[in-house]
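Once you scroll down, you'll see the structures, which are given as structure tokens.
Both of the next two complexes hold subunit A, though its partner changes from subunit B to subunit C.
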Partner chain A sequence: MFAKEVRSELRARVAVNAIGLFGLTTLVAVAYQIGPYQIHEQDRPHLLAALLWIILFFAALSGLQRVFVKEEDAHTAKTLRLAARPLAVWGGKLLFNVALLAALQTFLVPLYCILMGMRVQGTLPLVALLAVGCLAMAATATMVAAIIARAAGSGTLFAILAVPLMLPLLVMLIQGTRMAMTSPAWSDILPALQGVGALAGVTMVTSIYLFPVVWND
Partner chain B sequence: MTEKPTWSVWHWLLGAWMLAVVYGAFFYAPRAQGFVGESARIVFFHVPQAWVAVLAFCVNLWASLRYLVRRDPLDDARAAAAARLGLVFCVLATVTGSMFAKVMWGEFWNWDPRQISIVILLLVYAAYFALREAVADEERRGGLAAAYAALAFVTMPFLVFVVPRIYFSLHPDTLINVRGKIDMDSRMLQVLLAALVGFTGVFTWLYTLEVRVARVLLARRRREEST
Partner chain C sequence: MRAVSTVRVTFSALGKRFGARSVLKGVSGELRPGYAVVITGHNGSGKSTLLNLLAGVVRPSSGTIDYRAGGTPLPRHLWHTVVGMAGADMAVYEELSALENLHFFARLRGLRRSLGELEKLLCELGLEARDLRRPVGTYSSGMKQRVKLAQAVVHEPPVLLLDEPSSNLDERGHETAADLVRKFRPHAALAVATNDPREMAWGDERIHLGN
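And then the complex of A and B:
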């Protein structure tokens, strides 16, 4: 399923283009208007952490929903239901969304650090937070994408359903990033890391049980 | 649809109980220490409203899971009724919390983690109704809404317990504080427990009414379909 998703994406590159260009455009707009010199030193951890995750979050929203919507649009969903077990479909789509988000983070976060002058004290804790955050965001987005693909007005509905569900995640990620900017100690980032990890875990476990119902409904 | 006499007795008892709660909140419970003026008395209304909101979302989850197993349209109606009432009590808890914030901290809205959490909870369950509106087919609507309700419910502990503990909060200790103790005058505690029972009764009454209306509408629709 994952290989099929990658092959399908490489043919059209809709999600990659949407996520990459949205992220880059927002980053350029933010860096041009705010840049590294417009923020007071004491405000830097708060504002830079929040802006980073806002850019990543909205860039992710622009592309993650496509995994299921494209199957409904192309009328391939019925074939997929016959060809693969629901959990294989869910796993493949989740892995693809994780890969997409990881690629976005790899491309955008270093660029953000350079353009915005973001200095990180705890690089490894931040990398761990980005990895767990990527998994949690992809898990929620994949399940919501499966739900909205079966409803009318799926594009608008994805944002309406996914944003409130991801807000607690976003709050914890911003807090964790702020701590990673000001302290190299793992203990400072640990509460946020545990919260994000737990949310990723419960979302994935819930999705494993719910996805077959949504998919076959 | 006629009301059974026992129901009528329960409604009168509930009304009397709530009157006693209001009386107890203003005249029986002593003034709390460490709060501005009489502001702490709002706890007798704010805490039960928040509790009922959480209870309603639990009922929503229970009915949603039941729907996924049995596919009975009445379970879908039960889930929607519980979510609707949960939203109402969530709004009431937000309003009473803001009134307390204005008296204690000078502003209705202070971006406190608990205020943010309850607004996110409101958005999560408002989205539940947006999803219901977007699906025309009833059976599919029930299934998708039930799946979303389950997904939404797992985020609730993070909003209620995790986020407020990661950030600094102005909010007073919860009823059972982090040390696992209840630091409250015994008369205040009596009124608060009575209010919790009373508000749970109000929720049960409203929920039962909603389910009865849904049952009647479903029966009428089935009759129309069969003729």
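And then the complex of A and C:
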């Protein structure tokens, strides 16, 4: 399933283009208007951490929500329902969203650090936070995308459902990133890392039980 | 020689409503190996809905569907393992080639078919070998129909549900679909939804929907 998703995306490039262009445009706009010198030194960790996750969050949403809608639009969902176990579909879609988000982070975070002059004390803790955050965001987006796939006005519905679910996640990710910017110690970032990891775990376990019902009904 | 399947599907008093609109009401019947049921009815009478219900992709509003393999009830989450279906509202991936599509659906079903075997199946259904590696999006509607038929039978299902299998096919294509039915008929339970008199002739029994 994952291999098919990657192959399809490499040919159609719908999600990659949406995420990449949104991310890059937002980053350039932020860097142009604010840049590395417009923020006071004491405000830098708060503002830079928040801006980074706002860019990542909205760029991710623009692409991740399509993962099931595209199957319904192309009338391939029924063919897929008849051929695959629901969890194989969910697993493949989740892995694809994780890969997409990881690619976005790999491309966008270093660029953001350069353009915004973001200095990180705890590089490894930040990488760990980005990885766990990627999993949590992808898991939430995948489940919400499955729920809204057959609804009319799915784009609006996605935002309505995803934002409250992702808000606590975003708050923890911003706090963790702020800590990684100011301290190299793992102990400082650990509460955020644990919180995000717990959210990822809860979302995935819930999805394992909920997805077959959502997918088949 | 392929063994005769032991899967039987019994459905009774099936009904389906979409909101206030009743599409099917009190439909009963049985699909059994070596036996073909033809479902007819005017447009909107619920032919495709009945096939969707039998395949398990839509839940009935009333009535029951019972799958039995060798007399043992088959739980709903396993129905897809014994069903093959090609319908008008089903599609394959346009950005993938016919061969990639078939390979993907075979793998999803846990089958390890060689590319040669898959090529053979697609060619048997009337596709040219030179077309198998270009994206399905570039195919004509008749060629897409052949790929849909191939994905429905790649796992040699004991229950085969076909919704207007010859639609979009030319005379040669119709013969190909008829050959497919002839090939599966001796050992599989077949249901064909159609209003085409030539396809209606394939059935041992006819269920007419609507007035």
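Here is the rule we go by: the second predicted complex is superposed on the first by the 217 of 217 C-alpha atoms of A that agree within 3 Å, B and C clash if a C-alpha of one lies under 4 Å from a C-alpha of the other, contacts with A are read in each partner's own complex, and residues count from 1 in each chain.
By definition in this document, contacts are C-beta pairs under 8 Å (C-beta built on N, C-alpha and C of every residue); 3 or more make two chains touch, one makes a residue touch a chain.
All values derive from a computational prediction rather than experimental measurement.
Asks: Do subunit B and subunit C fit side by side on subunit A in the superposed arrangement, or is it a clash?
Replies: fit
Asks: So, A:168: does it touch subunit B (first), subunit C (second), both, or neither?
Replies: A:168 contacts subunit B only, not subunit C.
Asks: For the overlaid structures, how many degrees, to the nearest 10, lie between subunit B and subunit C at the C-alpha centre of subunit A?
Replies: Once the structures are overlaid on A, subunit A sees subunit B and subunit C at 90 degrees.
Asks: For subunit A, which side has the bigger count of touched residues, subunit B or subunit C?
Replies: Here the partner covering more residues of subunit A is B.
Asks: Should A:118 be classified as contacting the first partner (subunit B), the second (subunit C), both, or neither?
Replies: neither
Asks: Determine, under the contact definition given at the top, whether A:147 touches first (subunit B), second (subunit C), both, or neither.
Replies: first
Asks: According to the stated criteria, A:132 is in contact with first (subunit B), second (subunit C), both, or neither; which is it?
Replies: A:132 sits against neither subunit B nor subunit C.
Asks: Using the touch definition from the top, say if A:78 reaches subunit B (first), subunit C (second), both or neither.
Replies: second
Asks: For A:217, is the partner it touches subunit B (first), subunit C (second), both, or none of the two (neither)?
Replies: It touches subunit B and subunit C both.
Asks: Is A:1 touching the first partner subunit B, the second partner subunit C, both, or neither of them?
Replies: It touches subunit C, and subunit B stays clear.
Asks: Quick one: classify A:207 as touching subunit B (first), subunit C (second), both or neither.
Replies: So A:207 only meets subunit B here.
Asks: For the overlay built on chain A, what is the smallest gap between any CA atom of subunit B and any CA atom of subunit C, in Å?
Replies: 6
Asks: Once the complexes are superposed, what residues of subunit A are shared between the subunit B interface and the subunit C interface?
Replies: After superposing on chain A, subunit A residues 217 contact both subunit B and subunit C.
Asks: What residues on subunit B touch subunit A, complex-wise?
Replies: Those in contact with subunit A are residues 68, 113, 116-117, 120, 123-124, 126-127, 130-131, 134-136, 139-140, 143-144, 146-148, 150-152, 154-155, 158-159, 162-163, 165-167.
Asks: How about subunit A: which of its residues touch subunit C in the complex?
Replies: Those residues of subunit A that touch subunit C are 1, 4, 7-8, 11-12, 74-76, 78-85, 88, 212, 216-217.
Asks: Would you pull the subunit C residues touching subunit A in the complex into a rising list?
Replies: 52, 55-57, 59, 77, 80, 83-85, 87, 89-96, 100, 104-105, 108-109, 135, 148, 151
Asks: In the complex of these two chains, what residues of subunit A are touching subunit B?
Replies: 140, 143-144, 147-148, 150-153, 157, 160-161, 163-165, 167-169, 171-172, 175, 191-192, 195, 198-199, 202-203, 206-207, 209-210, 213-214, 217
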